[in-house]
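Chain IDs A, B and C follow the sequence of writing; residue 1 opens each chain.
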Amino acid sequence: MTFRPIAIFEYIGARFTTLLEELGGIFSTFLQSAGLLFVPPFRMRLFLKQMEFIGVESSFIVLLTGAFTGMVFALQTSYAFRLFGAENLIGPSVALSLARELGPVLTGLMVTGRVGSAMAAELGTMKVTEQIDALYTMSINPVQYLITPRVLSSIIMLPMLTILFDFIGIIGSYFMAVFFLGLNGNRFINDTIYMVDLKDVYIGLLKAAVFGAIIAVVGCYKGYFAEKGAEGVGKAATQAVVISSVSILIADYFLTALLF
Amino acid sequence: MQIDIKGLKKSFGTNSVLNGIDLTIEDGKTTVIVGQTGCGKSVLIKHIIGLLRPDAGQIIVNGADITKLKRKEFGGIIKNFGVLFQNSALFDSMTVGENVAFPLREHTGLSPSKIMDVVREKLAIVGLKGVEQLYPAELSGGMKKRVGLARAIALDPQVLIFDEPTTGLDPVMSDTIDNLILNTQKRLGVTSIVISHDIPGTFKIARWIAMLYKGKVVLYGSPDDFRNTQDPIVRQFLERRAEGPLQVEA
Amino acid sequence: MNKGISTNARVGIFVVIVLLLLFWITFKISSGTIFGRLQGYTLTAEFDNAQGLNTKTGVFIAGIKVGYVEDIKLEDDKALVTLRIMPGVKIEDNAKAVIRTKGLLGEKYIEIVPGKQQAAALKPGEQIIFTESPPDLEELMNKLNGIASDVKSVTQSLNDVFGGSKGENNIRGMFDNLNRTITHMDRLITSTNKNLNQTFDSVNTFAQALKEQGPDILANLAQISGELHAIIAENKQSVNRTMKNINQASEKLDKTLANLEVITGNLKEGKGAIGKLLSDKKTEQQVTKAISGLSSMVGGTSRFRTIISYRGEYQFAYHNVKSYLDLRLQPTWDKYYLLGIVDDPGGYSSTSTTYTTVKNVNTGTIQQTQTVSNNISNQLKINAEIAKRISYFTFRGGVIESSGGIGVDINAPNDDAQLSVEMFNFNEKPYPELKAMLSISILRYFLLSGGMTDIANRDARTWFMGVGLKFDDQDLKSIFGLAASTTYVNTK
């Protein structure tokens, strides 16, 4: 076969089309699920179940990551700030980083790993075993039944988990700063409160809500359109994690640029 | 509820599955669809329940072409259907009881205790007892099929669509299911579409039989028409022979 | 479904806990606001330079946070800063808003220096009229370079040695001794020289006469020998006295040196001085003094300063450059001690007188003529002065160019220019050396000077122009990068 330079562009074009399709699919999934939020019936039980799964059951891993992130961050920044004799900036810098970036992003990534993949796998399995078809034949809108509660719960729970993350992260850094680095605890808290703005926290939570939407929508979309059996389900789960993670990081960039 | 299928065509890529199906499902009677494996029986009924959209052709239910209907409008029609999928399609995140109760919870205002009564009754009809708390993963293939059946009949639908209800069941249980289909049809006058590979069962329950071959209906008639036909394809199929015009595609 | 606790309960507990945390965080951060609704009132203040200020920058009175910067705007090339002050905090209309630096990284905050209590309190929205912007970068650098612990200890020991009344006495005594010694030596050497010169001149004359007027030698011999005798006799006395003087002088010199040694010993040891300082009853007083000296480093008036200066003066009449190297120790603003070395190319002027005895052949009389010649050679001289400043005038006295002297300086208001007149060397020339000089310091480190020296002696006076360098301890430290941290204490 002779080499056709145009093939490169064909490839790029095809990939681009796929990407657009994918984005369009994800976005329309989001719109559908959001729209169906306001259409009866309202199944509280499903929301609660998803909130439990996304929020309550993620809290341990979020607390764990948060605590260590705070501690490590305090330790690392202390090296730098000690050079300037500016230990009083450890608390504020940890708190600001947690509130603005690390809290939402790391929570988002942790939940993606745990929840996004699970959603893709669950919906994917339902898809390939015709459970979604079954829902449909029972005159139940599968998007409303499966996706809407997941997306909404995720949007609500991610900020909540982020609060946990921020809180435990600051506790962790406080612990590190006071018991290992020998800083004054009161001073640490006062400096932190002094430097951190409510805006920092709330914008961080807003980010988290966006990440929550991304995680659920991508996970559900990937699962909902899974094909080709077990392999397809596995692929859907993997892709959901990859796409969500990347989207979270990209979205974080834009949100930071936009909101701060 | 009569269902008229006219010139239905469907292909998946280059694989042309349905090639112009013309078939009428008579209201209040049981129609059994037979045919070689992979000939498109399941694809056909997925069109009837609106899961697949045809490339061409119509499916007319209550005077409306359901292939042109929007989802919302179609929802009103599908409510009258009870569907058993070939692989049962039980919700594996729910217990057996919840699976059967699901349509009841979604579409009736029955109290939970009333629902539990209905669930127990439907499970008893398919010969299951005390399995409400089990999860589908904990059931055998045959049990799953019967739970699927129980779920399909939970709302006492006007149209029953069973994709291979007796495949994988022992002969006694198969006959029980056949009796169930016969009785509901007789008792409630429901319209049934059954896909089956069980020839004796087919002759027992069918008012009409349709045989698909190469994406078309090769023979549509009563069980007697099938018994007496000289069509070599139908004969080979009914006589369960490997030799003949029907070939197993490699 | 779940053992024990239902989904509802779990989600409920989770949500309640998280919302409590959010409530708590919000409450903590927004202390001063109640859920976004601002409390307190605003005041404005106009600063020349709001560099380093940010919204949220704290506003303090007496070190207690009373508000924060809410907004910073540019208005008419000045920074208009809006301050939000907590409710209940009164700020008088003659209070002053000062931008200060906290910590080492130069984090800024605003301090409100309260005005008089009886002044009216500012109403919401009003402006604080009096403001002070942060010092410029150079000053900031100096501040940062300010006080290392070594400086502190040096200052302490210096303060101990020179600062107390005892130290002052030491120095005064030392200078007195030195002064006397030098004067003695000067006089001694001068007089001895004179005598010896005369002696040798006479011998010379005699020999010449002997050579030229051989025949008349015998005739004159008696007279000559008489003269010679007289000379020798006179010199004998003089030599004796000289020897005595030298003895005395060296004794005094010894004592002076011993004194000096004790002082420098103290200085060098430091330890002893600090030890003494610590055990001393006046320790607290002295430490306070030392610290207040340190604290007013920036534009302060009472810090202990050490100034080193070098000056070269070109003397137009002699085509010479006379160099001065001075070390000035200034324990308080109105007092300093100066130690210096002067390299004077024309410093040593010896006068030799030649007596020529000529016998007039015709008249037969012997004529004696006298020739005086000045020899000038290089000499190192010493400066050691005590100075006292009263307003724009500084009066100083002590050893000036190795002789007793006095001087007065008139300073320009900002000390950048100085007119000085000094008088010294009272006993060598017909008139004492009088020197008038105007010096200007430019670019902080450089000196430019000009004037006339030895004004009174008609044939010795000369115009001069000079350039020089001047550093104080701060400058040296910043130049050599010795500085580290500052403990900046506000005195006002």
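Assume a residue touches a chain if its C-beta (ideal position, glycine included) is under 8 Å from a C-beta of that chain, and two chains touch if they have at least 3 such contacts.
This structure is a prediction, so every number in the text was calculated from the model and none was measured.
**Student:** Taking each chain's centre as the average of its Cα atoms, which chain lies closest to the overall Cα centroid?
**Tutor:** If we average C-alpha coordinates per chain, A lands closest to the whole-structure average.
**Student:** Greatest Cα-centroid separation from chain C: which chain?
**Tutor:** Result for max centroid distance from chain C is chain B.
**Student:** Just the number, please: Cα centre separation of chain A and chain B in whole Å.
**Tutor:** Chain A and chain B have C-alpha centres separated by 42 Å.
**Student:** Please compute the C-alpha centroid of chain A, do the same for chain C, then give the distance between them in whole Å.
**Tutor:** Each chain's C-alpha centroid was found; their separation is 67 Å.
**Student:** Centroid of chain B to centroid of chain C, CA atoms only: how many Å?
**Tutor:** The computed centroid separation for chain B versus chain C comes out at 109 Å.
**Student:** Flag every residue of chain A that touches chain B in the complex, lowest number first.
**Tutor:** Answer in residue numbers: 41, 122, 125-126, 129-131, 133-134, 136-141.
**Student:** Would you pull the chain C residues touching chain A in the complex into a rising list?
**Tutor:** 7-8, 10-11, 13-15, 18-19, 21-22, 25-26, 28-31, 33, 36, 56, 58, 65, 103-105, 485
**Student:** Taking the complex as given, what residues does chain A use to touch chain C?
**Tutor:** 45, 48-49, 51-52, 55-56, 59, 84-86, 88-89, 160-161, 163-164, 166-167, 193-198, 201
**Student:** Which residues of chain B touch chain A once you look at their complex with the stated criterion?
**Tutor:** Touching chain A from chain B are residues 46, 49-51, 71, 75-76, 78-79, 81, 83, 85-87, 89-93, 102-103, 106-107.
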